[in-house]
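By written order: A, B, C and D. Residues from 1 in each chain.
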Amino acid sequence: MISIDTLLETFKTGSGLWNPLVWITGLAIAFLIAYILRGYGKKEYKEKTEQTKSFLSGNPEYEKEQMHIKGSNVYWGFMESLRWFYKIFNKMHTGLVTDYVLWFVIVMGILFLLIGVI
Amino acid sequence: MNIEQILDTFLRHSPALIVAIPLLGAFLTPLISKINEKARNAFVIITILATNFFIFLLASDVFAGNIHTYVFGARNISTPLVRILFEVDGLSAFMIIIAGILSLAAVIYSWSFMKENTGLDKFYTLMLLMTAGMLGMMLTGDMFNFFVFLEITSIASCALIAFWTNKGKAVEAGFKYITISAIGALFVLFAIALLYAQYDALNIAVLANNIQYTFLDKIALVVLIAALAMKAGIVPMHMWLPDAYGRAPASVTLLLVGATQASLYGVFRVCFTLYGKRLGTTIAGSIGEGISLYILLGTILVILAIVTILIGVMMALKQIDFKRMIAYAAVAEIGYMFLAVGAGLTTLGTAVSMNAIKGGIFHIINDALDVGLLFLVAGAIYYATKQTSLNNMGGLARNMKYTTVFFLIGLLAVSGMPPLNGFASKILIYESVYQVNPVLSIVAILCSILLLAVFIKVFHSAFLGPEQPDLKDVKEVPKSMLLAMGLIACIIVFFGLFPEMVVNNIVQPAANALASNMNYISQVTGVI
Amino acid sequence: MNGGMSKIVKTISSITFPLALIYGLYIIAHGHLTPGGGFQGGAVVASGCAMILVAYGSIWTMGKVKEKQLSILESLGAIAFIGLAFLGLIFGFVFFKNFLIGEGLIFDNPALGLSDIYTAGFIPLMNFAVGLKVIAGLFAIVLVMAYATTKKEAKTK
Amino acid sequence: MIYNIPFIAVVALVLIGLYTVVFKRNLIKIVIGITLIESGVNLFLITLAYRQDSTAPIWHGITASSDNVPFMSLPVPHALTLTSIVIGVAVLALMLSLVIHIYRHYGTLNVNKLGGDEE
């Protein structure tokens, strides 16, 4: 069966190395340090007062269920700034089966130019 | 006969049995389902388990350095070679392991997932047929046989995609898929006919030994690469893939991932083995004077890969439908394999090439597991909430704890976060591709970050946040679905924690088989 | 259309159906000697069945033949084919080995040309298995398709 | 020259089939286009099998020693074509049944009116 030494071997990538077990140990130590630092935090805040209420730039707070950011609203700014890109690619993705075949023919033609003619 | 002799006999016949057992099981399923449903489900699982037993038996022997050949209907290879021949080298063995794991998880998952549907005997028949077709594509050493298994896989998977015939979109996706795969497979057959016309052979090894790289061979190469790349979902021929993946039942999608990778295997087999002897040919054209074929082919693969990664990720970012989003991410992941193997092809024969190919091949199994796990999670969410759009989800982590953990594992693995398996293969790809061209590596890393962003979007909008009013009484999914997801998640964590062992024992033989094709040829033809 | 076509058509197709059946079975049985075999013969028989289907209408045919029975026949054909291949593994030590040749059991001679039908090992048996599968499969496809379209018509009316 | 005509027919069939699939909007016509490509490829395989003045590959039990041994065309491409036809039948049946289902759901066979799965 597999011996323990082969399991613990370091993963060599040709120009570097990677050992998940060492990494996990490091991560655990980092968590430990963070936990210790957390212990130094202030404890004397008062619950159910202004201190724990969320502040939404002065806007009134809605119910929790309505505050959820839906899937299509995530990364709104990113989509907005790349609108030109998505305009092109939405035009490409027509969803018609005939266009799918057309793309296949086009790619075959390009590959033929690259491999067959050159 | 003692146990060793029996195992030896099994090993000798395992290439045939791996395909034959699912086929026999497929046709026995309608008869057994007359007894009752549980017996049928158990029978299907036992069939797949038996197949997996032979797969691991065969793979463990192939990884030890042997190439297995199996001639149908005769004991030995005879000349002239007219019989159908299965040939299993490291790469085939690697691929059948993937197919075995995926089909096992898919069948276990279907037990509860498809429970409410009728016509399940046909569902399981098709599922076993599809498994047999996939395994056949990976094992066969014969071009025409490859075509037949390709068609078996496409027909079975098309019927499975359109299994929910009460949904118009599912039927439409099935129609798109069968159109694409019928045309692709017919062009593959055309290329095979071109090769047969010149060399009077259908066996891959014999063809590879005789191939001359004439003009007709060039056409055959173009057609084979284009058609198989379309079946593998390379941009811009990827558009069938989100439709098919998004509309199929989740357990079928898992098998479709395997079918896509069988086509990917076809591309690699054509580039490295079928044309392997002529890779050093310098091209005598007017423009590309003096360029070797392997550089040209590698460059083509790399260009396709970069386009695939970029567009796949960017389109995934925009999707709202859960499964479509994962499907676009799967397109991008296929691009990583193409990138690594293409970069390996451009620098064939160097140490960099070996590392790149290793990374690409390691990524095949990682992608199958990661993307497969995510699809299963998507299916679980659909099972629990009957929703597919991310807009209607939220706060699911409260009620579906195990599913959330599995999703988190899949998320981190697919976007290449340490310490899971996606990172191990991606770092191999980054570092080796960087030595070929730094820009490629930078694009790959950037897109990997975007991939993380894609799944953070899903994680945020589906699992986190306050509980939605209409999702209050969502329950955790049944045990068989959790078992299937847990099986894959365990393998992912194991591969992530011990990458060196996996690479040395499984990936290295496959990469060797890809890089040095002469063993494959000489096993059949006897020429060295 | 649902009740079938006119009496003339029904009578003629009843007369020609046995001919199509026999011709198809002949092609299946001589598959190892002449061009033809399981698929071709099965297609001929299935087209004969399709003729009956067209003449008598799909609802009448559906009353005589159940789709479930056909699918069982189909899987029996497939099981027979693969089972023969497995028997090759058991008796001949290779998958798909033609184990009946030279055993003196049945069909034991190697091919002797067109003159002798009692040849070619398990290939005639495989032809019959494929023929059964093709007859059942093709007929089931045509039947289900025809039945599906009639239901649509009934719904719109 | 006369022996090249089948190859021209092959190219013509495949191109007509591709044209039909790409430019026609009716689902049934797309199915017809695919069968056209299929017949083109099958014709190609059959043409490869033919050698000049050859007969059908049926073994009459004549041994090689006799004088007028008939010159047979290659049997392997025939077997390949047959397999391809069988597969073609399965694909055709599947596509047509899908078309029936699509027509039931959408009431149309026009591709343009289906599509639009992309948002």
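Simple rule for what comes next: contacts are C-beta pairs under 8 Å (C-beta built on N, C-alpha and C of every residue); 3 or more make two chains touch, one makes a residue touch a chain.
Source: prediction; values computed, not measured.
In this assembly, A is the chain whose CA centroid lies farthest from the centroid of chain C. Once the centre of each chain is set as its mean CA position, chain A and chain D turn out to be 47 Å apart.
The centroid of the Cα atoms in chain A and the matching centroid in chain C are 56 Å apart. For the pair chain A and chain B, the distance between C-alpha centroids works out to 24 Å.
Counting only residues that touch two or more partner chains, chain C has none. Residues of chain D in contact with two or more other chains: 21, 30, 114, 117.
Within chain B, the positions touching two or more other chains are listed as 175, 179, 183, 243, 320. The touch graph of the protein chains shown belongs to none of the named shapes. Within the complex, the chain D residues that touch chain B are 14, 21, 27, 30, 34, 37-38, 41, 44-45, 48, 76-77, 80, 83-84, 87, 90-91, 94-95, 98-99, 101-102, 105-106, 114, 117, 119. Interface residues of chain B facing chain D in the complex, by the touch rule stated above, are 82, 144, 148, 151, 155, 158-159, 162, 165, 168-169, 171-175, 178-179, 182-183, 186, 189-190, 193, 196-197, 202, 243, 319-320. Residue ranges of chain A in contact with chain D, taken from their complex: 90, 93-98, 101-102, 105. Chain contact summary for the complex, chain B toward chain A: residues 175-176, 179-180, 183-184, 187, 215, 218-219, 221-223, 225-227, 229-230, 236-237, 239-240, 243, 283, 285-288, 291, 296-297, 300, 311, 314-315, 317-318, 320, 351-352, 354-355, 359, 389-391, 393-395, 418-419, 423-424, 427-428, 431-432, 435, 453, 457-458, 460-462, 465-469, 496-501, 503-504.
Interface of chain A with chain B (complex): residues 2, 6-7, 9-16, 18, 20-21, 23-24, 64-65, 67-72, 74-75, 78-79, 82, 85-86, 89, 92-93, 95, 97, 99-101, 103-104, 106-108, 111-112, 114-118.
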